[in-house]
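Heads up, the next two complexes both have chain A, just with different partners, chain B and then chain C.
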Partner chain A sequence: MQALLSFDQAPPLAAPLRFFLTAPLFAILAGLLLLWSGPDLFASRWTPAALALTHLISVGFMLQVMLGAMIQILPVAAGANLSRPLLVASLVHVAITLGALLLAAGMLSYEPLVLRLAVFLLGSGVALFVGAAARSLYGVPSTNPTVRGLKLALSGLSVTVGLGLLLAIAFSGGFELPLPLRQLTPIHLGWGFVGWGVLLLAAVAFVVVPMFQMTPPYPAAFTGTFSWSVLALLCMWSFAAGAAWHWPSAILEGAVVLSVASFAALTLQVQSRSKRAKFDATQHYWRVGMLCALATCVLWFAAAVVPALAERPEWSLCCGVLALVGGFMSVMIGMLYKIVPFLVWLHLQNRGGGRVLAPTMNKVIATRQIDRQMYAHLLALALLLAAVVWPLWFSYPAGLAVVLANAWLLRNLLTAAAFYRRHCLKIEAWEAATATPVG
Partner chain B sequence: MTQGNADIVLDARGLEPPGPLVRTMEALDQLGPAEKLLVLLPREPYPLYRALELNGFCWQTVCRPDGTVEVLIQQRQP
Partner chain C sequence: MHAITDFMVNDHRSCDGLLVAVEHAVVNAAWATAQTEFARFSDAMRYHFAAEERVLFPLFEQSTGMYHGPTQVMRAEHTQMLQLLASTASALEAADSDDYAGSAETLLIMMQQHNLKEENVLYPMCDQHLADQLDALLPALQRQIAGQDESTR
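And then the complex of A and B:
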């Protein structure tokens, strides 16, 4: 393997890795918050602890993983390189990490200054990232569904954060919102879950599901229309919901949910045609994620048919646990187990310059440890769902399981980072031993 | 672009990453100065382009209607 002496080093491994290593810390904090607040957290989705926990997962865990993955996916899938990736990653990482911590703290304490500081940090961090990503994508033609999906997901992120900032400032008593809080919150949620989360996930899935799971590609008719149609439906629904047009809003919301369900069902169908004889952890994680997404959609339709269901606190909490922990977190953890070993391999291969070969990807994190972490995550998901229905019995076991599953995830990711450092030292030792003496 | 133009043909469509990159690198090792390597891939290999550029190769890419991406590679002539 002498021919390719060097790959491009951009983006350096440290750029995405800092996001991936920080994400589990937020999920651990979410577990600790659950242990601290106990069953009271499950009284309603509006309790300070429930709001803080939701944002520790969505802004703390999910945003970290998604931005880190985007830094890596932009050059690989779209040929778009962020300029000065390490500087952008450092600034964005600090801003969103502190912003997420302060957001959760502000929600728990109702301290206006803390919330406004969180708004400033999150707003600047995301604006910097969107600006840098948009600049790298400028001029890249939207010829494939992934490039188009990434561009649209970035607009979805901007709308989500913009609405979130409005809500947080209003929550801190900064000003009177043009819409009631309970009317604007679902629009913020819709954009976060679908306009940013599902669009990004789908754009990435169109590439990585066939690539890593050895499946046939998604049908071109679906990939060509999915992101545009979902975003158009979301815009129309937001307008109808903002104007309080009950029936158009309900129909458009149903269409958005149906689109998400179709993506989940199609992913399961594509996955079932995998050439692999035995599923690995990433495939199991994707399957769980898509089944939970489908279950969330079913719950939404059930409440549309029986409106009394939506009035019960268990319904919204169950939807939240299924979508955030069962859907998004499952898929993201599954992807981390492919992205991180691949990056370690790629950078070691590059560092070795073709003279010292990188070990194979499956040596980076032991399969047994990945499988055990997956069982811990599934246990945490099951206990969280049980805690929604029986909070007195299951809140504490669920909190413990969330801490355990994410501490294990952190351990596995740190193993990969240590593996990289160890092999870099080996390469340096080899280079020193084979260097031609001068003079 | 046809397979007749190439001295070595590598079909990397059914391989899981980093298989396509590794196999391409191995094939480039065997490539003579005037020889051409044709790689068949399921998508555009942006990281490979950068690696080829940095290592003195030139290439042509054609996307087939079935979604296959053909990359014809040879050493850059001085």
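And then the complex of A and C:
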């Protein structure tokens, strides 16, 4: 109950902003890695460069954005404030930033010490965050689908990172795994994509899509059952996959993929009934994200029908690009364009105490710049998909496009940070000019 | 057990609908219609704030003893929304679609994150603490929301 009483202490802007500003740097690094490794990266999903690139996006970009957003979402959606948010944010941010860098470096170099250091940093950073979030959520009843989804997504993150740590230590020659590496990897991947990524996204979508895009609500029967049923399916599938029960494992995996597909399809259907007069970049980003998620699921089912498809390296790489860059990154960038300008406005408004009014959100990042960045992102996505099929032709253009789209994103977010600083100075100057001299 | 939540959430959605009407008029450059629709929206918002600040919050504060908790934050956010309503109104008077888009978008997000806090946290707490006062409370809220309290007009 204590947690419910504290939603006046909005976390300081610096707490989430550091995560948002770091995320594009990792995507830029991913683009540079592609330029450095060239077409060889696309030989298979198991090449060191492909593994490093995957983790630069998932741990570097996605984890940063998701943790930053959670700091902001927990108080609003659940009335749960992290205690000492700035301290927690600083420690978690340093740990996961260095951890992600070392993880990618370790995968590229096969250097056991680097991998183990990465494991230590990522493990402690995520454990600290999950601990702080769990503490803030303690006593908050899971009465609505969003609170329940947030809690379950945090457990999904813990399992993903736990399995990732096992894999990295085994990879660095630390110990012999009870399961073959290639049998444990899909379970790690399933938990990361679905148990953490999709569950968090869905928990957020259930409130964000109807309220901010003015759509009808998701059906209560869906939101009430989605998160826990997906998590239950994921647990059963992991068990069956770990025990190498071929058929039960395939059926349960199919059920998980079908649940994700139904979420994506339902989101598209709900969004198509938006009452807003025109779509903005965020809505386009959501739509692209859900279409890509749906395409990933279709590809998965195609390989279930035609097993030869799954043998081809292009198949898994295509699924990876669609899910990570097309699905998760699209939705996250779209959300950043609402979260960051709104937070800048809110903090300026609070800072000005109602005497100095803050300029509205669309002054923080120009709509034109947001739209152009979105086109750059879509171009990068298209070129990456082309590079999966024709690596010799498209690897370098795709790498360049990824660097361009994310440098643009970084520029847009830095513009917002500079806007905030500039207006804080204005408020300070106004306060100094109007202050009553003492004595 | 959700009577207060249901009643107030319903009014939130009704305010959303009124804002949509303004947005459609602005996109079609029907400025006179936009101003009329905005006046309806703005009134509905003020009546909703009045229902909370005059009826619901005082009762909640009395029954829980929490005078400086969530209700205080909600009142401060109402003030911020009134400022945004004023800047949106000026943009409409000037027929400036860019300024309108900026103010209305900020207002929408401010409104919805405020609604989320109320719908997920504060209203369920009201339902929990004020369940025995529903008979008098709901009609009083209804009067405020319908703008039947002369002092809010």
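The rule is short, and it goes like this: the second predicted complex is superposed on the first by the 429 of 439 C-alpha atoms of A that agree within 3 Å, B and C clash if a C-alpha of one lies under 4 Å from a C-alpha of the other, contacts with A are read in each partner's own complex, and residues count from 1 in each chain.
Definition applied: a residue touches a chain if its C-beta (ideal position, glycine included) is under 8 Å from a C-beta of that chain, and two chains touch if they have at least 3 such contacts.
Predicted, not measured: the structure shown is a model, and the values here were computed from it.
Trainee: Contact-wise, after the overlay, does A:Lys278 reach chain B, chain C, both or neither (first, second, both, neither)?
Mentor: second
Trainee: Between chain B (first) and chain C (second), which, if any, makes contact with A:Phe239: first, second, both or neither?
Mentor: A:Phe239 contacts neither chain B nor chain C.
Trainee: Regarding the shared-chain residue A:Tyr396, is it in contact with chain B (first), chain C (second), both, or neither?
Mentor: neither
Trainee: In the superposed arrangement, does A:Leu346 touch chain B (first), chain C (second), both or neither?
Mentor: both
Trainee: Which partner chains sit in contact with A:Phe120 here, chain B, chain C, both or neither? Use first/second/both/neither.
Mentor: Neither: A:Phe120 stays clear of chain B and chain C.
Trainee: If we overlay the two complexes on their shared chain A, which of chain B and chain C does A:Phe171 touch? Say first, second, both or neither.
Mentor: neither
Trainee: Just chain B (first), just chain C (second), both, or neither: which does A:Val147 touch?
Mentor: So A:Val147 only meets chain C here.
Trainee: Shared contact residues on chain A, chain B side and chain C side combined as an intersection?
Mentor: Overlap of chain B and chain C footprints on chain A: residues 4-5, 7-8, 76-79, 144, 207, 211-212, 214, 275, 342, 345-346, 349, 354, 361.
Trainee: Across the complex, what residues on chain B touch chain A?
Mentor: 14, 16-18, 22, 25-26, 28-29, 31, 42-44, 46-47, 49-52, 54-55, 67
Trainee: Given the complex with chain A, which residues does chain C contribute to the contact?
Mentor: By the definition above, chain C touches chain A via 16-17, 20, 23-24, 26-27, 66, 69-70, 72-73, 79-80, 83-84, 87, 98-99, 101-103, 105-106, 108-110, 112-113, 115-117, 120-121, 124-125.
Trainee: Considering only the defined contacts, which chain A positions touch chain C in the complex?
Mentor: For chain A paired with chain C, touching residues are 4-5, 7-8, 76-79, 143-144, 146-147, 207, 211-212, 214, 275-278, 338, 342, 345-346, 349, 354, 357, 359-363, 367.
Trainee: Could you please specify the touching residues of chain A with respect to chain B in the complex?
Mentor: Contacts found on chain A: 1-8, 75-79, 144, 207, 210-212, 214, 217, 220, 275, 342, 345-346, 349, 354, 361.
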